[in-house]
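Please read the structure below before turning to the comments.
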Amino acid sequence: MVSFFRKIPRTIVVLVVLAAFGLARTPFENRLGEQLIEAKLVVPPPGMTVLDQMGQSALMATLGGLRPLVAGFLSLRGYENFSEKNWDELRQTYQVITALEPLEESHWVNAIWHLGINATANMELDRKLPGFERKRRFHNYAQQAIEFAEKGLEQIPDSVPIRKQLAEVYREKLKDWENAARVYGEMMEFDDAPQYAERFHGYFLAKVPGKEQEAYDYLKGLYDEGEHQHLPTLIFEIRRLEEELKIPYPRRIPEADPDANRARPQKPKPQALPGGIVIP
Amino acid sequence: MSDLAVKVKNMTKVFSKGLKKSDYVVAVDNLSFEIKPGEVYGLIGPNGSGKSTTMKVVLGLMSPTKGDVKVFGYDSGDIRARNEIGFLPENPYFYKHLTGKETLKFYGKLCGFRGRELKDRIAELLELVDLESAANRRLGGYSKGMLQRIGLAQALIQRPRLVILDEPTAGVDPLGSRQIRDLILKLKDDGITVFLCSHLLEQVQEVCDQVGIIFEGRMRREGPLEELIQIEEQTAMTFSGAKPELLAKVRELIEADAGATIVEEGHPKTTLERLFVSLSHATATEEKEDEK
Amino acid sequence: MSQTTPSAFEPATKTVSPLSLRRVMVIASSSVTQLVRMKTFYFLLAFAAIIVVLMSLNPPTTPAGVLSTIKRISFGTMDVFAWLFAIVSTALLIPKDIEDRTLYTILSKPVRRIEYLIGKLLGVLWVIAVSLLVMYGVCALALWSRETLYIAEELEAMNADARYSAENVGAQIALIEQQGLRPELGIAVLASFLKAAVVASVTIFLSTFASSSLFSIIISVLVFIIGHAHTMATSFWLYQTDNSLFVQLLLKVVKIFIPNFQLYSFSHGIIQGEAVAYSLVWQMTGLTGVYLVVFLFLSLLVFIDKEF
């Protein structure tokens, strides 16, 4: 028996064992791989389109499992680009970083922040460039920030931080109230959205010409939710819209905050019933 | 159960040199010999004749292409056989980063020694091979002779019953090689079987009981040393006080039968060296004739 | 030594255990000595230097961002060290023994070849484990000192500003802590170690039949890189219908013959602050064990008949 096995060439035995092992482990490894990706522990390799735009070094890093290391060093390079105000290079750096770690939210947020806020601010201040060029670049950088946000949201559709940063670009830099309102509106849908998102959606909608009625209805809806929404800015905006839309007086909100002077009765806390039914 | 220390029967070892099947070297060709326990067996032969190969097969570092090799009744390569063998390879190299003492400790531990016993054994062996002063130096700085001696100590560490020495005196100065000769004789006194090969024929002649002469992988002559170096059909005379003229006269007188004093008469001995050279020549010319 | 032993005339009787852990450990510790005396631990100084440089940087980002960068680079370096060291040292050790003919003397002692292979592997893994632990210690110290500093600063700044509620402060601190020193990071180190162990066993296998260290180093690195392309290969396989038969076959061969190293990148998520389930860690550890056994077995298949 033993001598029979000895006669089989070793190479064949080795190949057979390797193949059998490979076949046996593949289903297990596939399952494990899915679990690891689901737990966000392993980053799936970038898709073919992303692979195309990655540099060679990034591709090698992806293949060699060096992603965190290379992404780390590239972040440092990103900071360097930032301190040198080298915005075009910064954009390229972040393209590679986000390709390497597409599921890392902070990379997207940083890219949007650098291009949409820092680079545009720099264009507002840079006296070395002629005015028209500064304007052109200002819009380029803002546009690049928006592109990063779009790609980032493709990767992480539920991301609130990316939307927050994007809305800031629309709001502070582009004065694009419609888009700012849209982004805040999207943000509201998520549990981890900040409280102000719902109000901001209305405030910026109110600034869009032609959307006054929609904004008024929305903000009034918020107002009617109860006193926790009776914030000065909200009241101020509603009043402004009431004027603008010529809302009949009886339907306008009270002159003074009706709750302002009243000693606030302690409302019983909403009681949670089984099944998530809330008694107001 | 076998009462032999080493038994090699019709052993052949073929090395393939290239990918082609026809490209091969027969390093050992149908070799047979036996080593009895307690014996010192010397294998001699020119370079490339297959001595080291034979030793490696006996050790189990290589397996024979054909034939049968037994050590103390076990197949060569059996771990129980290796437990009984101490081996000094040709041109031994050990870990350069270890000191002499650490080297012995390493091999001793591999053989299962520990603690006090190992320590004592190391001290004993360092004394035996005269390396006590260099015990704590790294082997990287050892001379050739020192390496050979630490190698010898390493071979003896587990008190083996068979010691295989591949050219133990290669590169060792005459004094050192005499020390090694004495050591082998001491091993023999202790009843340890020794299997050695060497190019120092004088020394082989001094220590070996049995000698095999191998050439191109084949055993050309084998037997007890005494028998090998006897030459039957000649007579030797040893004179004392013979002047040159006398010697000339002796030559005449031998034919004419005259009155010089004969001090000793008997079977004279050749040296192993002469036998070795003549055998090598003889086989070489034989083969030339064969080719014709 | 002068007892004229009658035992010299008897066949060998001493028994030799089939697989002796002690002999394995002797070989392993000799490999450790070898690696240590090759001054491999000097790498740790280089690592410490990297950490010091990292600590001196002050990138314009949030505290959490700085911590995350420190983690990425230091753990990434640890990971690279582990697998690279596994390949290079394993590929060097066995051919070196053959070249120096130390293997003659080792294998002519009562040592089984499998014991020799396991010993070498364990030696390499031991050095890697110790180095990783030391590096982790240095890195943990760096992270912890930065983290406590940042938290103190943040607390001071936020408490001075009345606008922030206790809840705001808590959230901010939690954000820093998520990127700071957390026990999960130990599992990231384990991940690097497991990866290195598999790479080392593959390299041992390759070096049992490779003719030179260089060959086994190059092939191991190739195997390692291709082993990261498993999912990529799968997606090719699944979504690219117009692949030639040759490409399809090649992908199958890759999947079957080359270990899936991609799985071992699970430290990646941990470094980014993701939580890790222990069941996954156990599964990975178990898988690594199987890899080691199979590749050691394959190595033995080749090594057992090898002539020196």
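Order of writing sets the labels: A, B and C. Residues in every chain begin at 1.
FYI, a residue touches a chain if its C-beta (ideal position, glycine included) is under 8 Å from a C-beta of that chain, and two chains touch if they have at least 3 such contacts.
Because the structure is a prediction, the values reported are computed rather than measured.
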item: Farthest chain relative to subunit B (centres taken as mean CA coordinates); value: A
item: Identity of the most central chain, Cα criterion; value: C
item: Centre-of-Cα separation between subunit B and subunit A, whole angstrom; value: 82
item: Intercentroid distance (Cα basis), subunit C paired with subunit A, Å; value: 35
item: Centroid distance [mean C-alpha coordinates] between subunit C and subunit B, Å; value: 47
item: Touching two or more other chains - residues of subunit B; value: none
item: Per-residue overlap in subunit C, given as positions that touch at least 2 other chains; value: 305
item: Interface residues, subunit B side, partner subunit C - complex; value: 1-3, 37-38, 56, 59-63, 72-74, 79-85, 87, 89, 91-98, 102, 106-107, 109-112, 124, 151, 154, 158, 161, 186, 189-193
item: Residues of subunit C defined as touching subunit A within the complex; value: 57, 59-61, 64-65, 68-69, 71-73, 75-77, 79-80, 83, 195, 224-226, 228-232, 234-235, 255-257, 260-272, 274-277, 280, 283-284, 287, 290, 294, 297-298, 301-302, 305
item: Residue numbers on subunit A that touch subunit C, as the complex places them; value: 10, 13-14, 17-19, 21-23, 25-26, 28-30, 32-33, 35-36, 39-45, 60, 62-73, 75-76, 79, 82-83, 101, 103-104, 106, 110
item: Touching residues (chain side subunit C, partner subunit B) in the complex; value: 1-9, 11-12, 14-16, 20, 22-23, 26-27, 30, 33-34, 37-38, 100-102, 104-112, 305, 307-308
